[in-house]
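One structure, pasted below without further comment.
To keep things simple, chains are lettered A, B, C and D as they appear, and every chain counts its residues starting from 1.
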Amino acid sequence: MPQDVNKRRLRAGIVGGGAGAFIGAVHRIACELDGQALVVAGAMSSDAKRAKESAAAWFLDRSYDSFRKMAEEEAKHPEGIDFVIIATPNNLHFPVAKAFLEAGIHVVCDKPMTFDLKEAEELVGIVEKSGLIFALTHPYLGYPAVQQAKAMVAAGELGEIRKVQVEYNQDWLLEPVAETSRKQAEWRTDPARAGVSCCVGDIGTHGENLLEHITGLKIQSLCADLTSFAPGRPLDDDANMLLRLEKGAKGSLSCSQIACGEENDLNIRVYGTKASIEWHQLEPNYLTIKPKGRPWETWGRGSAYMGDAAKAVTRTPHGHPEGYLEAFATLYRLIIADLRRVKSGKKAAGGYPTAEDGLRGMRFVVKAVESSKAGAVWVEMP
Amino acid sequence: MPQDVNKRRLRAGIVGGGAGAFIGAVHRIACELDGQALVVAGAMSSDAKRAKESAAAWFLDRSYDSFRKMAEEEAKHPEGIDFVIIATPNNLHFPVAKAFLEAGIHVVCDKPMTFDLKEAEELVGIVEKSGLIFALTHPYLGYPAVQQAKAMVAAGELGEIRKVQVEYNQDWLLEPVAETSRKQAEWRTDPARAGVSCCVGDIGTHGENLLEHITGLKIQSLCADLTSFAPGRPLDDDANMLLRLEKGAKGSLSCSQIACGEENDLNIRVYGTKASIEWHQLEPNYLTIKPKGRPWETWGRGSAYMGDAAKAVTRTPHGHPEGYLEAFATLYRLIIADLRRVKSGKKAAGGYPTAEDGLRGMRFVVKAVESSKAGAVWVEMP
Amino acid sequence: MPQDVNKRRLRAGIVGGGAGAFIGAVHRIACELDGQALVVAGAMSSDAKRAKESAAAWFLDRSYDSFRKMAEEEAKHPEGIDFVIIATPNNLHFPVAKAFLEAGIHVVCDKPMTFDLKEAEELVGIVEKSGLIFALTHPYLGYPAVQQAKAMVAAGELGEIRKVQVEYNQDWLLEPVAETSRKQAEWRTDPARAGVSCCVGDIGTHGENLLEHITGLKIQSLCADLTSFAPGRPLDDDANMLLRLEKGAKGSLSCSQIACGEENDLNIRVYGTKASIEWHQLEPNYLTIKPKGRPWETWGRGSAYMGDAAKAVTRTPHGHPEGYLEAFATLYRLIIADLRRVKSGKKAAGGYPTAEDGLRGMRFVVKAVESSKAGAVWVEMP
Amino acid sequence: MPQDVNKRRLRAGIVGGGAGAFIGAVHRIACELDGQALVVAGAMSSDAKRAKESAAAWFLDRSYDSFRKMAEEEAKHPEGIDFVIIATPNNLHFPVAKAFLEAGIHVVCDKPMTFDLKEAEELVGIVEKSGLIFALTHPYLGYPAVQQAKAMVAAGELGEIRKVQVEYNQDWLLEPVAETSRKQAEWRTDPARAGVSCCVGDIGTHGENLLEHITGLKIQSLCADLTSFAPGRPLDDDANMLLRLEKGAKGSLSCSQIACGEENDLNIRVYGTKASIEWHQLEPNYLTIKPKGRPWETWGRGSAYMGDAAKAVTRTPHGHPEGYLEAFATLYRLIIADLRRVKSGKKAAGGYPTAEDGLRGMRFVVKAVESSKAGAVWVEMP
């Protein structure tokens, strides 16, 4: 008799993420960090030998060289996986997600959700029909300071939002791909695997997602100026955008993969009539509040005065910095808690990005490219 | 017999800057700081009583209640002023400058240069015809770190410039004017005295000037989205812009006077192919360099390794922070050195903004307003 | 037949760390984070019910209500634990470690190593005799920036070390225990469980360990002024010390648990003749280098230019901040790698604190207390 | 008839500060910055030619090659100086001050006040007898953030002070003097001109003065470990001290002139039972408050919420950074205001360091040297 799902760690499978892939290891650590799940099966590479070696390095119980076979067999296995993690290049997100959803297995998928908008729209339908959980990993939402920011905006502590500035600058595509050694660089800049955009699709979407998540305001229209600075690069490696949001707020979004010397310089500033908020991903444990007419405040993760939303996703007391892996693990914490609910016949509680968010992200990418191609003109976001 | 100009402090006059005006005192301190000039005469207010009291408070030798009379009399006075400082609201810059130039007196003028573009164009002609020095006070250029940044870009240390981000966010117009106590707020938001723009004219121009000064690249076109957030305000208090620069560089510029909690948050980041540079006016003694593939560097004002341009405008050794007044004083140092040259029959050396820069600044303001009125579309900068 | 130890995750047990204890969860996460071990058994509380509930919450295979019984049974179990984690109050460290070592089970122990110096000396003997691995968890050594600092000092990049400043300020004992809600506060300030010192024993030792680890210099003598500021507190909650190190270097160490508003403000500055190094635990991903006559440098964790020692303990690329849990996990990574070596008949490689370091830490605490009791006079460190 | 003192700038003279001397120019700028005084006479060097050239470069009305002659003649001159500035090496402070005080001229003197304790005690008597103003320039007291800190402590906002940490680290004496190019290095390290201490006398006293000024607590005893690290240097270039203050507070003070890469890294942290305060001279416009159980606060110079003491010494609105020269000028502002009072027959108001503070500073230096020579033992401060 299978063990009660609430009395054991959940079993996860992974597609992609073989040796050398950065994001595969991140998903494993994040998934397992709270002691609520273990990765036990994988189709970690389309190359059979590499798949096997990757699975062995992770001590997986079961290794596959085909995600379709994996979906099929895990669905039948008495101790089959409870959910699958998709950590492949963008062009495989859709077929993999479809295969597992149709096999009745819940899905946690890396972003952007799909290769193109058509797939994204279709996937939303498949998810709905399946009744299963589909979660998209925008890890920055998992930082306690981001949860705190969202809660403060929602509680009206900033007053009306007037202006938002988001930046996400990196430099890992500073050079043409031939001159870099990063495996990821190859497919990210290849339209056949990455889709219509490199920079906006990869990191611009994080900015968009973070902005809408924290402010609760939708982007209504945008004017985007995309550039491919590196010689011979077919996709954008930089973008500057103007934004108009609901309720009359204005904003700007800058993202770049050729910003020399930048790590993951993701920053957001939200200006309201009563206070503003500022957060920097490189110092994620702190949130700066600038209230009208009073001193600036630095709110520290893990402090007693933080709100419930932030506390719920905090692991260590203040002064013990949490980082990117913990933020990523927080998404898994929320997802796994929902998986336990659903598997126990309860209702999902959410709190993590879903297929709807994924579709919105895809639309953002498509609209940014459309705006830029037309000469950086204003286009509406549906 | 008048004393040799090189054996005495120069004599300055001031128009405007009466009691309660922030910028008047700044000009006096900056002008006198290096011990090269003294303010001795003034028409500090159009209100006669206030003019007299302001002059007495500054121990001036001569006080006027009309700038025209001042120009006329000082030109004839055996110990008349060597130059005049214009620190009035924008709408008076032109007539005051004209009066003094036509009286044969050199001019140092606050920015923006004039009330509108027509005046600016006319003033350039008047200056040319006069053969006198006309200097515009963009004080941020006076910071040693800015001089260093400009020199490093010029020396090719950043490689090709690809991307520039400039921000200048404040909050002093967060509330409608009626609710603030700042004297300046009144005329800044009044189209009859400030001109076509408040925020872009007041601080956006600082951003534009700083950007072009450091990068040596002209803005070729811009797409500007201006907003008046405060209820009832006739002029913009916020702007977001996309920029296209010479040589294919791209950029963005954000300025705001309603960014709750911000002081004078003027920041610039310049991204090149070999290195990037970052400077924050609120910590002006440091310049951050992010070279490709090497650790970030913090260059400290006053250090032995700084370049000649920065050293030439440095007063105290490193570790003794210089601030805004010193930067402002540096403009005066350069201007006064030129006045000494010119008065000794030598050629001016420059290094400070001139009427041409002032005209360019006015064009920037006009074009930003034009772009925004047309729906935030791209417009060319001549 | 038992599975090859190199083809499976190691099995860990834990003593202490029951529900509500901060450090227990930290050990579990750190131990499991790299996917190299799983906690499968525990004696998590001396209270049987709490022990059972804690074990169930962690999905442990086996729960004990006595650490002696656990040592005995695990030693015989065919799938018994490979090592035990000790996460109890200080006074239990010795008996637990002794029980497991004598049962032939490797030990990972929280610091300070023992209740008093006598136990520490005895434990060193027991470890030696056992031939087993005994590792002490000073987690700050696990930060890549700390590894980098140590490597740079060792390579002579700082020249001769002249001065070292270490601080570790917190505020969690600001109030008398009765007024705080932290479980840990109770035993930390109780001489019967914590030993001769609270503040120096708890965090001063981290400072001493970090200082000697990075500089490679031993403390030769110290002059310590300990204080109990909170009314009625029997042990120190604050200390200021002067240090004299090998090779003529001087230093100071400050630690406090009543420094209002401080989180875990652990900072170290090492001044050499050629460069200095500065590291702040609250921004652990960066290391500041101040070379003679050149700009300050900020070295970022995960960057290509970092040395091998730092790279070996780096999980995510630069820009994805790592935190305290990752640093803690790095100790486990090094320990587990050694466990695999030893269990495969190879020689241990070390790189983590051992019983000798634990003994040195205990001596430091005892000498600090001795110095202070004598009026803050100089005492020698053996 | 001499002009009413309140209707003119005061006239200052200077002794020392000839070409090449850093501190001379600082005094001139600071003295004149607020437009309340002008330097008009000087004995700027004991070398007659250099004295003359220095005076000419400053456009002084009167130049002397002997301070005694200057005192004598200025006392008789109908437009003689109102006060003298002493900017010589330490060994001349006393004779110069004595000469001017006895000539009936007020004195502003650089620190440390005298060459040795005997002189200091004698000078206190001379000042008292003279009835004149004697002010000592500890410029760091002039920063608005320091004024704010002092006011907050005095108002009880920190509760009881428990712990204070002060540091002042520089590196300008990193090398033996023969290898540096700084003129000042020569006399600072020469016992015949600097006195019994180099580092403690030069910058340790700033730390002591700042600490007592902000906290209002006197140092009661100290234990100081002074070192001469540079080969062949006869005086200390580094010191670490433990402090015991009034009301049971404890502290530490570190100062160094061989701290590689440090500029003027002057920092103070004051820990109370209700809040702590932190200030860094390198970012002087901000004061960090860490209140118990609430977020950290950053108080910005020039903000409306600042207290009266800080506002009284603030020149520019927030966001326009002030620096070292402005802080120095604030001392002069307070001193000149008192000179106006005294010359108008009113009572001095104070607010700047006096001869009593200078004597205390000298005692601190002497006691630190005494403690260190005895093996770094505790000594009482009278």
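Just so it is clear, a contact is a pair of C-beta atoms (placed from the backbone, for glycine too) under 8 Å apart; a residue touches a chain by one contact, two chains touch by 3 or more.
Just so we're clear, the structure is a prediction, and the values are computed from it rather than from any experiment.
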Can you tell me which chain lies farthest from subunit B, using the average of the Cα atoms as each chain's centre?
C
A-D or A-C: which has the larger count of contacting C-beta pairs?
A-C
Rounded to the nearest Å, the gap between Cα centres of subunit C and subunit D is 44
Distance from the CA centroid of subunit A to that of subunit C, rounded to the nearest Å?
34
Between subunit D and subunit A, distance of the C-alpha-averaged centres to the nearest whole Å
55
Each of the following residues of subunit A touches two or more other chains, namely 262, 289, 296, 300
Any idea which subunit A residues touch subunit B in the complex?
158-159, 162-163, 165, 167, 169, 171, 174, 223, 225, 227, 229, 238, 240-242, 244, 250-252, 254, 256, 258-262, 269, 271-276, 289-292, 296, 375-378
Tell me, which parts of subunit B touch subunit D in their complex?
7-9, 22, 25-26, 28-29, 32-35, 38-39, 56, 58-59, 170, 172, 262-265, 281-285, 300, 302, 315-326
Per the contact definition, I'd like the list of subunit C residues that touch subunit B in the complex.
289, 293-300, 303-305
